[in-house]
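To keep things clear, I will list the structure first and then write my remarks on it.
So that you can tell them apart, the chains are marked A, B, C, D, E and F in the order they are listed, and the count of residues begins at 1 in each.
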Amino acid sequence: MFIPRRIREEKLRRMLADDLGQGDVTADAVIPPNLNVNAIVLAKADGIAAGIEEATILAESLALKVKAEVADGDRIKNKQVLMEVSGDAQTILSVERTLLNLLSRMSGIATTTRALLERLEKRGAKAKIAATRKSPPGMLYFDKRAVIIGGGDPHRLHLDDMILIKDNHLSIVGNVEVAVKKAKARSSFTKKIEVEVTTVEDALKAAQAGADVVMLDNFAPKQARDAHEMLRKAGFGSVLLEASGGITDKTFLEYAAAQVDIISMGELTNSVKALDISLEISKPKTEKRFNRES
Amino acid sequence: MFIPRRIREEKLRRMLADDLGQGDVTADAVIPPNLNVNAIVLAKADGIAAGIEEATILAESLALKVKAEVADGDRIKNKQVLMEVSGDAQTILSVERTLLNLLSRMSGIATTTRALLERLEKRGAKAKIAATRKSPPGMLYFDKRAVIIGGGDPHRLHLDDMILIKDNHLSIVGNVEVAVKKAKARSSFTKKIEVEVTTVEDALKAAQAGADVVMLDNFAPKQARDAHEMLRKAGFGSVLLEASGGITDKTFLEYAAAQVDIISMGELTNSVKALDISLEISKPKTEKRFNRES
Amino acid sequence: MFIPRRIREEKLRRMLADDLGQGDVTADAVIPPNLNVNAIVLAKADGIAAGIEEATILAESLALKVKAEVADGDRIKNKQVLMEVSGDAQTILSVERTLLNLLSRMSGIATTTRALLERLEKRGAKAKIAATRKSPPGMLYFDKRAVIIGGGDPHRLHLDDMILIKDNHLSIVGNVEVAVKKAKARSSFTKKIEVEVTTVEDALKAAQAGADVVMLDNFAPKQARDAHEMLRKAGFGSVLLEASGGITDKTFLEYAAAQVDIISMGELTNSVKALDISLEISKPKTEKRFNRES
Amino acid sequence: MFIPRRIREEKLRRMLADDLGQGDVTADAVIPPNLNVNAIVLAKADGIAAGIEEATILAESLALKVKAEVADGDRIKNKQVLMEVSGDAQTILSVERTLLNLLSRMSGIATTTRALLERLEKRGAKAKIAATRKSPPGMLYFDKRAVIIGGGDPHRLHLDDMILIKDNHLSIVGNVEVAVKKAKARSSFTKKIEVEVTTVEDALKAAQAGADVVMLDNFAPKQARDAHEMLRKAGFGSVLLEASGGITDKTFLEYAAAQVDIISMGELTNSVKALDISLEISKPKTEKRFNRES
Amino acid sequence: MFIPRRIREEKLRRMLADDLGQGDVTADAVIPPNLNVNAIVLAKADGIAAGIEEATILAESLALKVKAEVADGDRIKNKQVLMEVSGDAQTILSVERTLLNLLSRMSGIATTTRALLERLEKRGAKAKIAATRKSPPGMLYFDKRAVIIGGGDPHRLHLDDMILIKDNHLSIVGNVEVAVKKAKARSSFTKKIEVEVTTVEDALKAAQAGADVVMLDNFAPKQARDAHEMLRKAGFGSVLLEASGGITDKTFLEYAAAQVDIISMGELTNSVKALDISLEISKPKTEKRFNRES
Amino acid sequence: MFIPRRIREEKLRRMLADDLGQGDVTADAVIPPNLNVNAIVLAKADGIAAGIEEATILAESLALKVKAEVADGDRIKNKQVLMEVSGDAQTILSVERTLLNLLSRMSGIATTTRALLERLEKRGAKAKIAATRKSPPGMLYFDKRAVIIGGGDPHRLHLDDMILIKDNHLSIVGNVEVAVKKAKARSSFTKKIEVEVTTVEDALKAAQAGADVVMLDNFAPKQARDAHEMLRKAGFGSVLLEASGGITDKTFLEYAAAQVDIISMGELTNSVKALDISLEISKPKTEKRFNRES
């Protein structure tokens, strides 16, 4: 998901513009123009840093100077300084909230993702933790990046990059086999094909029909293991199994134990717990601003 | 926050476009074109409906037919049908996720907001619950609407609609009095002025300097009550007090008891718990689609 | 109304793009590429400079060098040099008209505003002169800034930053009291409430219902003074009075004398008299361009 | 300048969006949703109607019903009803100002243009009155249309549709002949070539070099007549002469008398006097809205 | 690549807007407004229809009535009527060129693609003909659709939907094995991995490293067959082989004979031969337009 | 068609954004971030360079360093280095295809145009070769520039810069004379008027009615010469004649011989043969990237 910096800048500045409306009336009223100040971005909780690159690009693209003290993916501690930002005071104050919203959301996502993965690792499980497309509209790119930074798999980036046949497609098409065959016949060779199934039998049929990935929808862990065994025995060991549907941080370890390859969790992005991060401007040393009385 | 429907449509379609990329390859591969189907949008948990209007506008703007079974603000039950949507199957499948993301986020926000307000009501407290600008970039409008639907106060809509002098402004300006006076002198008569304070004394100074609202930043409930008393005695009873900073569903009732007018909580929008909502396409009755084999 | 420079740049370049169409065919045909020239921006009349910041940002964002000789708000004289611009000749010629249109409109607005305020000052009157939203669509931000530079009040920035109940709202709601109470009940605590009235009695009712500002619509100066007196006596001295409706430079002093707080005038922005400003390119010294014959 | 309606709609809705910000808080607070009302758009002064088509398209594109009572170009009287608009009350209130801004600006321009032309006609003069590109950025299309509706000539639509060599180009190129020849050699056969001159001699050189139009910059009327005579005698009777530069409604008749073909006046669009037009909502007949108390 | 109609409309209208500039001056000058006419879209050569859906959507979105006489993918003959379009004459004339440009480009691409496939079929070869990303910037979606309509494979839709490691990536990474392994380790399970190789040995290494598709870059047909054989023997029969690089309609059959799975050809989209298609307005029956003389 | 660099940048970056989707997954997966590499852009065939300026602007606007070895319009040879590009490897790889698509299309157009002109020159013919508006939607600006670079005439830039009355307009208006007179009466003096005719007689009528250019639609060369003669004799020698309609590189010389002034050919832009151009990254010298293993 590499996007050249200048293209990302424009995406980020549009976000800021949405918050600005006709302009920041507070900075305009109480802060003198062209005053240089220093600020630090500070963690208020432990977690994993994410969005450092986005925050840096956004701030630099507004002619602020940025010194990142941590990199995306770094473990950070409460009270740790994440970045130093300096430059025009009005600009820093206007961008503060947008910048923190990005950082705290992305870091929140990365922190949760990493925590899940560490629990998996402790158990020696090898399943991937994957996101879904359950993101606030417009945030897909940033949420996916945060999941990757946390160590997870972004899953589909949007509707054009993989064939994913779900329950609603199947309601129309009729059955798993027909659907997968249709997909193979009508889609580009560049696409993988994934299909959602609700029974162990359909998991096998999906594999036989040529699916690259089989999504086990709301399977109990026991069922998931059965599916894994059946596919392995039938010679479809290379078909990936994804457990999905209502899996939480309480239950995901059981699915990992059931040998699924991927565990996808909507909560990663639709029920984010933001990491508390704040920005603090230091008192400017020179007092010359008081000459600019209005 | 009334936006004429056609303007909202465009905002919503841009959100969908972000998810579409070069197009939905799954609907294209497995679903016949021009097939009419019916779908229901279904709650998977109890809560407060929000986003029904947005979802309706988005779907109708794509030429789908919508019958909303509930209105924004209605209490909804697990398994309750929220909307019926019918029309072109490929279109429904392509918009499904964007539509559900809006509904489940907005309903999640409204549900939490309402729950807090009901706890306040039970205590007979009159404080308002207010949102902040801690929303994912681009989601400000929708998050604010969800808070309003839940019964809360949207607070500032963005940076242009109120003077809100915060800690970082004060670091630069020096003190509360100077800042408020500056703001009064340099801002339009159309704007209210709010200022953040960290001591009871500064709360009084802010009121004396002419602030319309005083934000009590990270005050203990006891301190907040002191500020309330001091302002009342000093004849500033009409100045509004807003408690802010790290207030959670565990602590907010204490602030209400301390007689503050507004309790603002960043978690309302930056740590949303999405309400589980899904869309189910019914099996189409006619079988004529099978004639369109490809 | 502070907007970070890079966001303003994009707004300004979009304006230029509208004038460019498929490109400047004249500069392309007769001016050699990569030729550096110097130009001056020159006042052709006395007035108040406004738009210097916008013009500077626009020109610099096109890689031109700018030396502003005056600042926004400065009094300028016929024939005075406002800015020096140097750089690529084709670029200067392509941006000339957009740059001058901004400068001459904004300076025209600021000049008129300042002239009105000076007449008020001479009389010792303290009323504010305020703009309205009567601006050419798309010019709201720039017109408001010009009014501020001239010393006036921008009034509402757009439809989201204040409750302003006007005659047409009242036609629907029925009366002033109900409307103001509705507004207080249903709007955010962050918003001031203003209501338009047509009688002195309604002015009092508006204040009693809780309006922050009362707009006296098409009042005679005598009536306006009556409203002022009645409100003062009834203890609503802090409620602001705004005179509005058909007030011109012939009549505004009478309203100021009537003790209204704000005088709003649509003409400030919908009947602008542009200040005459031109750009003059000096003869380039070197003759090397003649080597580039085409 | 025909633009298909749907494309114009989008242009117009973008203008409205700029005024809406995060939404109309007044309509939201005091007006019930889904209430149908009728409104009339009313002239408050005599003049020429312009912008009726734009206003109709904008309103209809928001699902309002419009009955235009006059057409663009019609002479209108004070108190005359120009349009009837009916539909959703919140929508009408939100679009009111944008719609009136368009109408009053465009009608103001058309009124002035027509008045000038009528004075010309009375004298039996045949000169065209032309606009310039001195329009607020973004308003070029609408201002040009208003001039056309008033009977004037739009002149260049932007920088791509004609070669117009002005003083600043000539400062660089050196002289009129070289510039025109360069233009002829390097521009498309589809373009006319106009050049600005400051002496009668240069007018002749321009014609000899092949200019289609010669702009007489700041010529006295007597000089303009000399130029006309000299060109006629030299056999360049078909070359058009445009008088330009500081021409006002006081002086333009003298230029017409001097036989120039076109008189261009920046004031037409940069110093517009808006025509006073207002919108009035009638009291809704049914009282059912009072059931929707909030 | 399904995109809901309303989203496609906006994409298409933006294309038209680019051609309109400040408006169609010819339709404005010579065609009366609100005149209804009928037109036919006519093939001037034999081929395969493509773009019928786009043209229909574009025209209908401008309120024109369309009756498509053929569907995308149909074989069409010189002089065959493809569509009937009726409605506002000015609108039809303004959109004519944009509509024909889409149709003739897309039909040209589909025609060439189909012709290649028919030649393959005659030989009994089963290779797919695939496009590349060699499309004029902005045309990717439409060119890919045209290839699909012609029976070909769209290949990657853009840079986000497949891992495709090419020569330039390999110059940096060093060798095929490392690159494929890196890709497997660092990309989502949702992506296929393709890698370009220049020797038969590297083709084997790529398969062993886990590539899903191997691109044989500038292989002679003989070499391509060797690669096929070697992979089959090594048990990598399911790895797809794509022949690429300078393959033309003269040479592609040899690659098909060499048992490659996919033959990709940049010429399909970067050296399109447009199918000649025109639009003809019939003489309007009623003569009432002559009453609108101007 | 001069467009300031910064405006062109934005146009070009939008093109790249279309190809990026949610980001380049290959560069992200296999290329280390912040690795500097050098690349050359290399011709793979002889021709005329075009798009060098666009490619330079696009690359530089992404913070890459560019050294152009040739200029637009230069004759280039197979294997000649056109540009050197250096900088961030991921960025170069992401922009590679968009940059080459521009260069190869524009160079293809310029090459064809120049070849035609050279054949004309050899014959001593003076006709101009002109493009049409038959370009892929969105490519108009770039295709026209390529034609100019090749030595051709861009013809109309879009629908707003010339009156061009074609067959379909005439079907509605009735005849050539009425149409031209209407156009003269209703269009701006800034526009040339061209009209398409199908007979020699109509060519004369068009000239008599005041057309500046007469388009001879599908005339045989002999007919074209007759039209030329008739106009010359009738004293309309200054009216330009444009031959148009199905003219190819096989037939265009006959039209030139027939003394037409302009020969317009749709194939120049709708049936482009891209010039083969590629980009090659050199092996980076330092091996430090291998330290960044992932």
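Note that a residue touches a chain if its C-beta (ideal position, glycine included) is under 8 Å from a C-beta of that chain, and two chains touch if they have at least 3 such contacts.
As the structure is a prediction and not an experimental result, all values here were calculated from the model.
Between the interfaces A-D and C-F, more contacting C-beta pairs are found at C-F.
The distance from the centre of chain A to the centre of chain F, each centre being the mean of the chain's C-alpha atoms, comes to 43 Å.
Averaging C-alpha coordinates per chain places the centre of chain A 33 Å away from that of chain E. Separating the centre of chain C from that of chain E, both taken as means of CA atoms, is a distance of 50 Å. Across the assembly, chain F contributes residues 1, 16, 20-25, 27-28, 31, 94, 140, 157-158, 160-162, 188, 191 that each touch 2 or more other chains.
Arrangement of the chains shown, judged by which pairs touch: all-to-all, with no pair of chains left without contact. For chain C in complex with chain A, the residues that touch the partner chain are 1-7, 10, 140-141, 144, 157-158, 160-161. Contact residues of chain B toward chain E in the complex are 13, 16-17, 20-25, 27-28, 31, 61-63, 88, 90-91, 94-95.
Residues 1, 128, 130, 153-157, 160-162, 188-192, 194, 213, 240, 261-262 of chain E are the ones touching chain A in the complex. The part of chain A that touches chain B in the complex is made up of residues 12, 14-16, 18-31, 35, 37, 39, 89, 92-94, 96-98, 100-102, 104-105, 108, 133-140, 142, 157-169, 171-174, 179, 182-183, 185-188, 191, 266-267, 270-274, 279-284, 289-290, 294.
Against chain D, the residues of chain A that register as touching in their complex are 21-22.
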